[in-house]
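Please go over the structures that come below.
The following pair of complexes shares a single chain, chain A, combined with chain B in the former and chain C in the latter.
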Partner chain A sequence: MTLKAIVIGLMATSVLAGSAIAQDQIKIGVSIPAATHGFMGGLNWHAAEAEKRLEAANPNIDLIIVTADGPADQASDLEDLVSVHGIQALVVLPFESEPLTEPVRAVKDSGAFITVVDRGLTDPSIQDVYVSGNNTEMGKVSAEYMKTRLGEGDNIVILRGIPTVLDTERFDAFMAEIEGSGINVLDNKFANWNRDDGFEVMQDFLSRFPDIDGVWAQDDDITLGVVEAVKAAGRDKELFIVGGAGMKEIVKGVMDGDELVPVDVLYPPAQIATAMDVTVAHFVSNGPVRGSYILGSPLITQENAAQFYFPDSPF
Partner chain B sequence: MSVSAHETGKPGRSFRIDLKTAGPLVALIALCIIGYSLNPAFLSEGNIANILTRSAFIGIIAVGATFVITAGGIDLSVGSMAAFIAGVMIIIMNSAVEAFGVSIWTVLLGCGSSLILGIGAGFINGFLTTKGKIEAFIVTLGTMGIYRSLVTYFADGGTLSLNSSAREIYRPIYYDSILRIPIPVWVFIAVAIIGWVLMNRTAFGRYCMAIGSNEHVARYSAIKVDRVKTATYILQGLCVSLATIIYVPRLGSASSATGVLWELEAIAAVIIGGTMLKGGFGRVGGTVIGALILTAIGNILNLTEIISNYLNGAVQGVIIIAAVYLQRGSLRAGKRKAAE
Partner chain C sequence: MTLKAIVIGLMATSVLAGSAIAQDQIKIGVSIPAATHGFMGGLNWHAAEAEKRLEAANPNIDLIIVTADGPADQASDLEDLVSVHGIQALVVLPFESEPLTEPVRAVKDSGAFITVVDRGLTDPSIQDVYVSGNNTEMGKVSAEYMKTRLGEGDNIVILRGIPTVLDTERFDAFMAEIEGSGINVLDNKFANWNRDDGFEVMQDFLSRFPDIDGVWAQDDDITLGVVEAVKAAGRDKELFIVGGAGMKEIVKGVMDGDELVPVDVLYPPAQIATAMDVTVAHFVSNGPVRGSYILGSPLITQENAAQFYFPDSPF
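Presenting the complex of A and B:
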């Protein structure tokens, strides 16, 4: 009997001690896709930078970053964050909207504060905070720039990403803005946000159309492939290329006054840092943070390029 | 054609092989006619040079895969291996530039390390398959994941880019031509000829077919099965490293997106060309045509807008199946007629 009492007593104290520590330390889980391509590489880097900065500034905040290779993997990550780490808040960039809506809801039901980044869930009522780039604005800003450089009867080609909602939003906004300007869109093809595909699709556009005045590549990885194809064909004097995202090599080129890629349109991988800042602010700030934060997609030009240039980022 | 087969009095053999060669070729010619009718630019000199140069990567890798598959194996790691070799080449060349400055030796050092890595990676696949007694599918599935992760790790999730001054020296390997034929195409031609000789005119080629047909019988026939099988994987690794040597100067970069699905394209090129997936019979010439067919499909889809972008994959699927049916289908018809 006495032994049993001691054991129970010990268990009770350890549980109490455990919860005391948990109260001191606020644990925030950050679940993002693994760095499988340039943009996600940049996003991972910015997440790690934000973790260092926020933990140094707030000793009671513990950020736990986990990366997933697919939606199923990410769902398991979320379960682990709740059961193993006992997180009080979650910052999540869902791999795909549909399959992750229920897993995130389960985290919400455990009482955690939820911040969703970039790709929205099918049920927006789950999230406390939503942080995202603006694909519609990105397409619109790109088209607006095209209109400043080109006019009636000029020809452009478009290289798209992967068939997804995000890509369609960019494309539709671009086409809506370009309509009525007299600029001909010769054709659009998918280049899968990939340099090699960008190179090959552009080569084929070049052999198909003798007169191209502008290229909307809408992504900087594709842009790098397009640049090589155009240079190899010796047609770099007759056209210009508009990319997107804000890759450091492209931003550097814009800063240095590259004529082939004169501008870039921002779709910031650093948005994960914004989301982490807002989530931490929920615990440390006296201001309210709940709501949606839609980040702008400004045009990066030679004048303002310096503020978008992160030489240490892998992207 | 069946009449001539009866006349020669050799029903079957030479006749069947003829059709096997003809199948993929007919598909390629049909594809060219379709391409030209959709857009005459298809047969312009520039576009043909583009197709041939592009098909060199998959083609060279597929020649190696022909040996692996003929000997009854499979190599799923080639795409990741290419990305990995490209990444390491770039790292080595960049550090060589920092240490010794830029010269032609920088590029030669890069190419040399590529060959060593390719042969080494092929040996690992072969050794684990033969001495480790693990199925080739599992070994190469494992190495596929390992190489892909390693290149992502080296690139920090981003992209490895070759030093721009080294790139200036290296660039002509992809972009220049000799006798109006791009250098990558010359490499492809050389690899194809050597592969053809190796498969059809040497004991090694016969051993590959024997092992692929029946490994036990081959073993009893005093063929050093493990050694030959390992050699096929080394050959595959060598082909991957050659393909990488001509790939790197194209964009001067490597990332985790490099070479994705090349393994499936290479295997598809081999099978379209008439090699049996279960092993025992290999056609290097067919493989070359298979690689050209795959590249031509993508090119034609880019040259026309009558097919919805969303259906590209479906069109590729239909053409691949049709090309193989043409070859296997006429083979069946040939057998029936020969049996009459």
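Presenting the complex of A and C:
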């Protein structure tokens, strides 16, 4: 029996019962990593905002957000969402792909509609819809901006994240786009998507290279460390930095015309809200909700920054 | 100035004015080819359904659907949507890619958010978000089903659409998937996505091949013609047919356990509703709406057919 058939069946039952309003409710579980700061903190905030908005707009939708401290904790959350809450759909951002694949398959086997966010499962056939950022476009858009500011003979350094498929996609797309521009990449080093490593790696770059025109930091946490190192070295008038994600402090700076970090490239923690939107649409819309929704990575500039600025989010 | 800033600005203005509720309205144009039957007739119906639903759920959203009889007519519709209606967003299914590219660019230049559906523009950088079916998956899913029913030494025939990129994507994906299965493709021929040509091509196949176990018709209009030819030849117990799209008569048959056309493969006219949903979400959601939303082509079986059946649609 399809989900819609179940819902129609339940609605018929509740009409017959004459009261049982609770049976009209469509329960949607949302399982994400717990966090109060950083990218995942922003993602938690956006999930809570989307819950408020979607429940207010759709009285028959009940969203249940559960946050986990690790893969095993998340697997147990998924079991509860089925056995305790009886969810009809799941929105899940898996902690890790491999250990969550079978737990999500079990939810699917219970008959629930499955929306996977950001990190894919080992078996993509489990999901009904996939919502994710676009790392390739992120690298490409960053390089396109570099080319508008720099040319033949100019020097840049690159701070990378953690050695992962995701990082490689960003890096390869960036390198492909600047090829032939004459821009020199002096060096690239991993900075592990955190501020302290960003600071250290950039200190090293600054001591080794007397002439740097641009920095691709590819991540806003790394960018914070890079900014600190550049200012400490008094070289903030010589170069500019391009980060990535859409951290509110960075977006605010872009909005205010900061020259050291003049733009940002979106890789939105708010993608969880997009995933919740399409999952609700599966139950309320005549439009199909299936397939793959790969979010763009637009360049955030002073002109458009306002639409990417969420002052109340922790990120 | 961003769209959201404009909206916030307008809202502030209307508060100051104390009345002017009309200024709160967000106007979204929806431009599609006019049709009363077939796939495009279904698309027109789903657009009207989505308009009713979305306007009821979002009092500040005003959707304006305009239908065109050809590319020139559609280009003039787009001009009116900007100059007469002052739209803040456009959902457009272009009649043809080339002649509509510059007209859509002009709408973009007016500051509107652009959602392109199904047929891409010559310059994809114009669109903010792209919503489309998945022809490659459609071919693959159809072949996967064939492999569950047929094997080594079984014979099939294939009816194709019109020689286009779209048709080639479907065909190549189908052929790649059945490779190595031992299924023989006796012949493939274009049937121009219509019933009459489906009938004629199938008549020819039936007269030339005494042993046919399966037919991939890849389209529900073609399928209607194939069914007619097969029944006229009295060979409807020897074979089965796989079409594609999600025509209500075919989906109803699948639901009722038809053995001649036991399944269908989704390429949904309701994608226009999905496109309208995400465009409205751009204005009401905290989740980003950017990028590429490629809808899946699930196999429609007796089990799940109810959720793809719209008895009131003309298609």
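One rule holds in what follows: the second predicted complex is superposed on the first by the 290 of 315 C-alpha atoms of A that agree within 3 Å, B and C clash if a C-alpha of one lies under 4 Å from a C-alpha of the other, contacts with A are read in each partner's own complex, and residues count from 1 in each chain.
Everything that follows uses one rule, which is that a residue touches a chain if its C-beta (ideal position, glycine included) is under 8 Å from a C-beta of that chain, and two chains touch if they have at least 3 such contacts.
None of these values were measured; they are calculated from a predicted model.
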TODO: Tell me which partner A:221 touches in the superposition: chain B (first), chain C (second), both or neither.
DONE: first
Open item on the list: Quick check for you: in the superposed arrangement, does A:295 touch first (chain B), second (chain C), both or neither?
Closed with: second
TODO: Decide which partner touches more residues of chain A, taking chain B and chain C as the two options.
DONE: C
Open item on the list: Taking the superposition on A as described, I'd like to know which of chain B and chain C A:49 touches: first, second, both or neither.
Closed with: second
Open item on the list: I'd like to know which partner A:199 touches here: chain B for first, chain C for second, both or neither.
Closed with: first
Task: Touched partner set for A:115, first chain B, second chain C, both or neither - done: neither
- [ ] Would you sort A:37 into first (chain B), second (chain C), both or neither based on which partner it touches?
- [x] first
Task: Overlap of the chain B and chain C footprints on chain A, listed as residue numbers - done: none
Open item on the list: Could you list, by residue number, the parts of chain C that touch chain A in their complex?
Closed with: 1-5, 46, 49-50, 53, 57-58, 128-129, 134, 137, 266, 268, 270-278, 281, 284-298, 303-304, 306-308, 310
Task: Interface residues, chain B side, partner chain A - complex - done: 39, 41, 44, 46-47, 50, 54, 152, 155-159, 161, 175, 250-251, 253, 255-258, 260, 298-299, 302-303, 305, 309-310, 312
TODO: Mind listing the chain A positions that touch chain B in their complex?
DONE: 34-38, 40-42, 44-45, 160, 163, 187-190, 193-196, 199-201, 203-205, 207-208, 221, 224-225, 228, 232-233, 249, 313-315
